[in-house]
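Letters A, B, C, D, E and F name the chains as they come in the text, with residue numbers starting at 1 for each one.
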Amino acid sequence: MSAGGHFLFLIALLPFVGALLPGLMIRAGRTVCAWTAAVPTALALVMLLILAPAVLRGEVITAEIEWLPQLGLSASFFLDGLGLLFACMITGVGLLITLYARFYLSGDDPMGQFYTYLLLFQGAMLGIVISDNILLLLIFWELTSLSSFLLIGYWKHLPEGRQGARMALAVTGAGGLAMIGGMLILGSIAGSYNLTDILQAGDAIRASEMYLPALILILLGAFTKSAQFPFHFWLPHAMAAPTPVSAYLHSATMVKAGVFLMARMWPVLAGTDAWFYIVATTGLVTMVLGALIALFKDDLKALLAFSTVSHLGLLTMLLGFGTEAAAVAAVFHIINHLTFKAALFMTAGIVDHETHTRDIKRLGGLRHLMPVTFVIGTIAALSMAGIPLLNGFISKEMMLEEASHTVWAGSPYAVPVLATLGALLSVAYSLRFVFHVFMGPVRDDYPHKPHDPPFGMWAAPALLATLVVVIGVAPFLAEGIVTAAANAVTGADLHPHLYIWHGVTPALFMSIIAVAGGAVLLLMHRPLDAAWIKAPRPEAKAIFDRLIAGAVALSRSVTEGAHNGAISRYLAIFTVASVTLGYIAYRGSGLSAPTRELLVVPPVIAVGWVMLIVATVAVVTMHHNRFRALVLIGIIGLSISAGFVYLSAPDLALTQISVETVTIMLLLLALHFLPKETPKESPIGLKLRDGVIALAAGAGVGGLAWAFLRRDIETISGYHIANSYEGGGGTNVVNVILVDFRGYDTYGEIIVLGIAGFLIYALMHALLDGPAARRLKNMDYSQDRSRDRHPLMMVVVTRVLMPIAIVVGAYIFLRGHNQPGGGFVAGLVVAIALLMQYMASGFAWTQERKRIEYHTMIGLGVVIAGLTGVGAWFAGQPFLTSAYTYVHLPPIEEFELATAMLFDLGVFLTVLGAVMLMLYSLSRIARFAGETVNEGPMDYDPGANVAEETATEGR
Amino acid sequence: MHWIILPVVLPAMLAPLIGFVMRHDIVLARTASVAGTVALLAVALGLFGMAADGATHVYRLGDWPAPFGIVLVLDRLSALMVLLTATLALMVLVHAIATGWDARGRHFHALFQFQLMGICGAFLTGDVFNLFVFFEVLLIASYGLMIHSGGRDRMQAGLQYVVMNLAGSTLFLFALGTLYASTGTLNIADLARVIPTIPPEEAALVRVAAMLLMIVFAVKAALFPVQFWLPGTYANAPAPVAALFAIMTKVGAYAILRVHTVSFGPGIEGTEDLAATWLFPAAIVTIAIGAFGVLGARRLMPLIAFSVLGSMGTLLIALAAFTPEATSAGLYYLVHSTFAAACLFLVADLVVTRRAGDTLAVRPPTVQNGLFAALFFAAAIGMAGMPPLSGFLGKLLVLDALRTPGTIGWAWTAVLAGSLVTIVGFARAGSALFWKSTATPAPETEAPAPAAASPLEVAPAVAGLAVLALLAVFAGPLSSYLQDTAAQLYDRAGYVTAVLTPETEG
Amino acid sequence: MEIIVASAVGVLTAGGVYLLLRLRTFPVILGLALLSYAVNVFLFASGRLAIDQSPILSKYGEASYTDPLPQALVLTAIVISFGMTAVLVMIGLASYLEADTDRIDLDDTREGEDA
Amino acid sequence: MSLTAEILISLALVMSGIFGFVGSYGLVKLKDTLQRLHAPTKATTLGVGGVLIASMIYFYTEKGHLSIHELLITLFLFLTAPITANFIAKAYMARNLRREDLPPSGGEYGWSIYDDPPQGKDLAPQPETPETPKAP
Amino acid sequence: MLMRRLVPHPLLSLTLTLVWLGLVNKFTLGNLILGAGFGLVIPMLTAPYWPDRPRIGRPLKIAEYGLIVLWDIVVANVQVAMIILFKRERAIRSHWIPVPIELNSAEAITVLAGTITMTPGTVSATLAADGRSILVHCLHADDPDAVRDEIKQRYETRLKEIFS
Amino acid sequence: MIEYALLFTALCYGVALILDLWRIAQGPSSADRILALDTMVINVIALLVLYGIWRGTAVYFEAAMLIAMVGFVSTVAYCRFLLRGDIIE
């Protein structure tokens, strides 16, 4: 870090910190607010001025903090002549704008916000010009786009403001993104993202094959920001911003960022044919075109905006020439343009502020009403026209001089002629600004009676106008900064001299032609204007709007077409993708030779297969009758369970069949509310498509199974078989895996069930609290029903069967560790037993007599399982480590006690609780739907009449 | 030594208690839920510290050696993901409580804790089947959260979400079956040991398994062409839930990263080519879809949802390269995009609940229009990857890491153009919501104006923005941690040794 | 036997996928049920097929056992898919009651003005 | 295993096989649903009984201890078969027959599928008062 | 009364104990104790669902009744099998037979209906709403009244004795 | 001898299953289908017990018993659905 480097951090940081203040200080009044906004700017300026002497001596101030070294991004800053020039411009004009805005903004405008945005923007601009790391520069670059978006859209209620802001953001944002690409390429060629390093690597960069892409991408950024043709159209629309913003962004700062960047990169990128033809040509075209359009703009600010476009073109062209003299001219013109253009914008703002119009056709004669404004405006405008003794003249002469000996594609005339034309047009619109606004007779139809504004408002432009004159008369005063900046741009050691009088050069003649021609054009303005209005020309805004609207419409049709909520299509795509990608993966390699001998198929198994296939096909073909489909599903479940038994998987059989039963119950309960038929609505084409997809999926999965079923592999389960008894204390290896080896899976699994229970309960409440409740109430399920609800026979049999089923559940639970069974199946068996009771005696009656909340059961189950796992900690073992022991209690024979059983108890409780909570929730909905409630265990108990006293017992 | 299991056990024990003990007392439930989440955050920080030294910690559940039992594996990556989850969770939880979302239905806090359990479990496990189980845990909890408080649109969207994920889970099982059938093991480290021993010319089955697994993970990560579920889901979920879901897509990304690096990853002849064939182009298309969606959105919530989609594309484009550099860039972007998305949803919630719906049509300005506008633009800047928030750095890192000739053109174009379209889309939306509204007079007869947002309601969103800023400021140290993380991830031998060697610390 | 199992898985999958692609909630639920049968058998088969070799340790000498691990995995999968199905059924029902239609596709495009 | 046992077992098996077949054959052959109901409820149930008896004898002679859990299945089937038949019959009647198709019950009340049960004082069906869930 | 609460249904308790022994399929003291435990606990837990204990008057008759029914089942099955296998379809004459009953307890009615279903060619299709008659479907009978009378005399009379 | 008897019986039940299947496909009433499914369940139970005898093991007994139990419950549920629509009311 060089001496004074700390100041650089402060300069970069101050505006951002300061941005917080105005918003907070606005309560203290508008003037205080303005002051708080001015302080950081002023401080930054002071620091710059402190550093200035050293920089002017040719020193470069640097400062660096590491930020993201992995990327090559560091918070490093440097200040050379170019940076100093721009930084001073940014802070200096910033101060003036702060002052001006204090008076310009009306009482309704949120001033705090304004200054906040302004400072943010200023910080971003300062960052750009003092960044020593191009990634850092990119960050500030994007920040200028964002903050200018806020500034342009400041008057949110105006559609022009919003649209202008979005347009600016879109165009400059796009350029910025392109520039990211360019900068990353540049960095990788140079091997560093530090500007100081990159500036040393010019030769390497220009020689690289990636030079052209990088150049184009970076220029895209610069051109969009600096409103170069064909990206110039956003700038005039940005004029919807309050005039202080226009004066700042569109004269001094933001639009100059592109120019700055070209100047910054000049030593690295300039000097090639590509550079010359792209940059100089673009600049030239922009200069002429901008000037031409400016001439016919009736809106004062639009006129100035296009004039800015034109001048930016001029600067671009100069930088594009790639000569050192042109670079000097560019640097000098940057200063000059700043002074007169900012003054002009402020003048325009004053006129607008005073007359309530910016329409030139409604103005004229203001010379008498607003003499001060007139003087300021005229000086600035004449400088813009390039009238001698004003600073614009000098730099324009230098420009014409450079143009006069530039050869473009072999032609020595193209550039000089067009440059002169540009200058000529420039004279014309500048004079128009003076004559059509201030000269002529005083009118009596101004929207508002104008007079000169308060001093605070004209002070800033007056100061600038003074500068215009001072530099115009004594240009050598600017030599120091111009030299420093030009040396920074070119990397050479130049000592340019600035004179008012350049001698009789081609430039002088070109200048004379321009002034004379401009005057003539102004005289002919009326007919020309009429012709212009009639002439067909592309309206950039309309094109842009159409472009965006088209993009939006396209996006909309793409996204809405694709994400239209047609889940069947999503699923079809998902299936097709899975099959296709799976197949691609499969085709990428081969298979080993089959090793397994195939098992024979006994006839009964073949029958089972037929059952399964027929039932599946029938489900598919008959699914429109929903109840029938459920019956058919029953066959599938049955055959698969039997198949599991045959294939040595008794646990699977038990689980499959009991789960299936409960599932069918749930489906039946739900089907009660749903339509009983599925309409036949799929067109044949869709069915065909789905059929093909389904067959492909089936073939894929079946083929996969067929492929691996014939091949043996080593698996890890030998360990499980070997350690199940010794280490896990059980002989049912599957169960030991479930509660011990992979007990953690089971833990997750019961949690899934518990959540399902909770979820369904919550959903039931959401339904009953919502509008669906009313629909439910109005549903009529009564038609077509049998009259007996709780038949006597069923009730009686259940009285015996349910306890038996519970014993069976207990049995299955207790033996699970050693024989097929376990907590899960047991839970389902007991749940089915309870279900039997619910079916027999009805929900309300049964529910009244239940002993334990199902929520509690789920909670207990999950907690018990968890605590069993945690218990192992106290033995210094990991979660879910089991222990078991054999207990001998005479007269009972020896039995095993295992913590795994406690875990299984958790499983049991969760399963039972979850299933019951699900059924409970579904039944609650049915109760809500106006179902009646039974109060006795059966429809009619003939015994109750005989022995009434016993019938009421147990209530 | 039991620290590793805590992120799973803690919420898993708390949730049922909240579910059955505190089901009728929202204050108690809130207290417990916040306390639990804070504790989770503390644990996550502890784990983060534990993993920072680069050791791979293995926790053998049931004291069974890998690959026969299930192990939890804590390395830098899983520690990071758990920490990310816990931080996000706390933010979202405070928002849900402050805005009262949690009281608009039953069992919010129980489901929330279960959700955390599932996510943490998925990040910590070292076993693919267990990964499936925890996927299911987090999914079923997410179903509950998704339809929390009910309502027609939400219910229909929830139904689609469930169906899509059930299809995904089915594919997961097909993939696991194929995997076990072709390798005989389920442990990620053991797979990494076994798969290289399969002759490359006989690897068809394991290749299918790898590919199907990738599709499964891609469904979660919302990658083209299995991304369709995301916009409808996120747009219709309660906003805080959508914010929490920001981590859910990352679970998919994490799984791809973990499994397809360690088990099938670079250097394994039979399977290494699979990842790139589809992942990379899919990520490109995903970015495009996300960007188009943002630009074309008619409603705010889908707009944000699409921006999440786009961010997943950007993330996956980095991960698809399967190089340590790109992975570490991707991880930075992952952390960033999680907070950015969450933040955006939280801000949107503040706005939408005070506005008649989330259509991007002009409505009179709400209370605190300026505050909301500022928050929205800040969050949008984060999401669109604009400076000064971390998204810009994330994007730069990703771009910088993708420089191979085959990828650079597509990747850069997609990321940069996607950003542009996204920016334009956000600008349009913000302009309509906050600017245009100022030109709309409030209707004469109006229901009482919605209440202003309390500081507590705004705090989580602001905290999210602060995190984005901090991520940017401390990008250097974070990146170097992430480089170490990626290096550790690509050190497959180290992982395998740590997991499969019996005497390593447990 | 192997071809029986493989073909059964294939047919169940095909049927499941076909129903999964239908437009109403109920057939979709049926489709998922078929798919879950298919996947359970598939997963089970990944341990290869064996007859009369149940993984219940025998006290009498050496015996051969089928691979128990896939069976345990299938059990876990069955339970999980049960929970999921229950939730799906309930959400399907809720969606029907809220929207008064059991179409599973939805039209999510609603009006919104250009900004 | 003694020849007697073998013969007994085989006999029980063959008989049960025949009954099992007859049950399903009746299901196919008989023309009316209610007629069909007779076949499986009896024949099939008995068929299973035969298999179970065979199993008991087999395990007794083979393993030497009396296996009784087959009896449980038998008990279960005998307990449930009447209910099953009853329900299926009612389901059929409710959907396919009208009150007039059946003979009168001869008592005060008609058949339960068509007629409401006698209304006792606490048997009156009444709608549940919708329980408004407590707001949390 | 306490006894009544502790052992609400002694027969059920006995049955459950036997069921347990059947399930474990091994008669040991430990299993008997465990089974008896279940036999005691489970009826206690499920007592609310079986509020009134049926009065069984003549326990010995139960055995007799059981044997008769078992015999009838075997015979019935052979008969039905014959009808199914060999009778031409047109020759089968099915009937609806309403059987008025005098049993009062729900348990008794259930046993009767069950018996009817399991025995010769009859299925009890439904009860009257007041439980005072059973509608029996007869697969094949030349004299429906005879069938009704046999039901009443062979089964109902015995059941009346048992449940009294 | 027992082997042949087992084979014969198994074949009988196999054919029975096919007949049941035919009835399920044929209907015509839902009651017929339920009846046929119930018969199928009982036939499968018989086959499982036969399988147990054939293999000389009691491992498959629980499956048979459980199928008997759930077969009953689901039959009742199907019927209740036809009778009342709501199986638990």
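As a working rule, a contact is a pair of C-beta atoms (placed from the backbone, for glycine too) under 8 Å apart; a residue touches a chain by one contact, two chains touch by 3 or more.
None of the values given here were measured: they were computed from a predicted structure.
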Chain hops separating chain F from chain B, counting only touching neighbours: 2
Number of hops, chain A to chain C, where each hop joins two touching chains: 1
Separation of mean Cα positions, chain F and chain A [Å, integer]: 59
Distance between chain centroids, defined by C-alpha means - chain C, chain F (Å): 23
Inter-centroid spacing, chain E versus chain C (mean Cα positions, whole Å): 41
For chain A paired with chain E, centre-to-centre distance based on mean C-alpha positions, whole Å: 73
Multi-chain contact sites of chain B, meaning residues that touch two or more partners: 23, 106, 129, 133, 136, 140, 143-144, 147, 150-152, 156, 160, 163, 167, 174, 178, 180-181, 186, 232, 297-298, 428, 431, 436
Touching two or more other chains - residues of chain D: 18, 25, 37, 45, 67, 69, 72, 76, 79-80, 82-83, 86-87, 89-90, 94, 112-113, 115-118, 133
Sites on chain E at which at least two other chains make contact: 19, 23, 25, 113-114, 126-127, 129-130, 132
Residues on chain C engaged by chain A in the complex (per definition of touch): 1-27, 29-30, 33-34, 37-38, 40-42, 44-57, 59, 65-69, 71-76, 78-80, 82-87, 89-94, 96-98, 100, 102, 104-109, 114-115
Sites on chain E touched by chain A in the complex: 12, 15-16, 19-20, 23-24, 28-30, 33-34, 38, 42-43, 45-54, 103-107, 109-110, 113-114, 126-127, 129-132
Of all residues in chain C, those that touch chain F in their complex: 52, 54, 56
Residue numbers on chain D that touch chain F, as the complex places them: 6-7, 9-11, 13-14, 16-18, 20-21, 23-25, 27-28, 33, 36-37, 40, 44-45, 47-48, 51-52, 54-55, 58-59, 62, 67, 69-70, 72-73, 76-77, 80, 83-84, 87-92, 94-96, 113
Residue numbers on chain A that touch chain E, as the complex places them: 787-788, 791-793, 795-800, 802-804, 806-808, 810-811, 837, 841, 846, 849, 851, 891-893, 895, 937-943, 945-947, 950-955
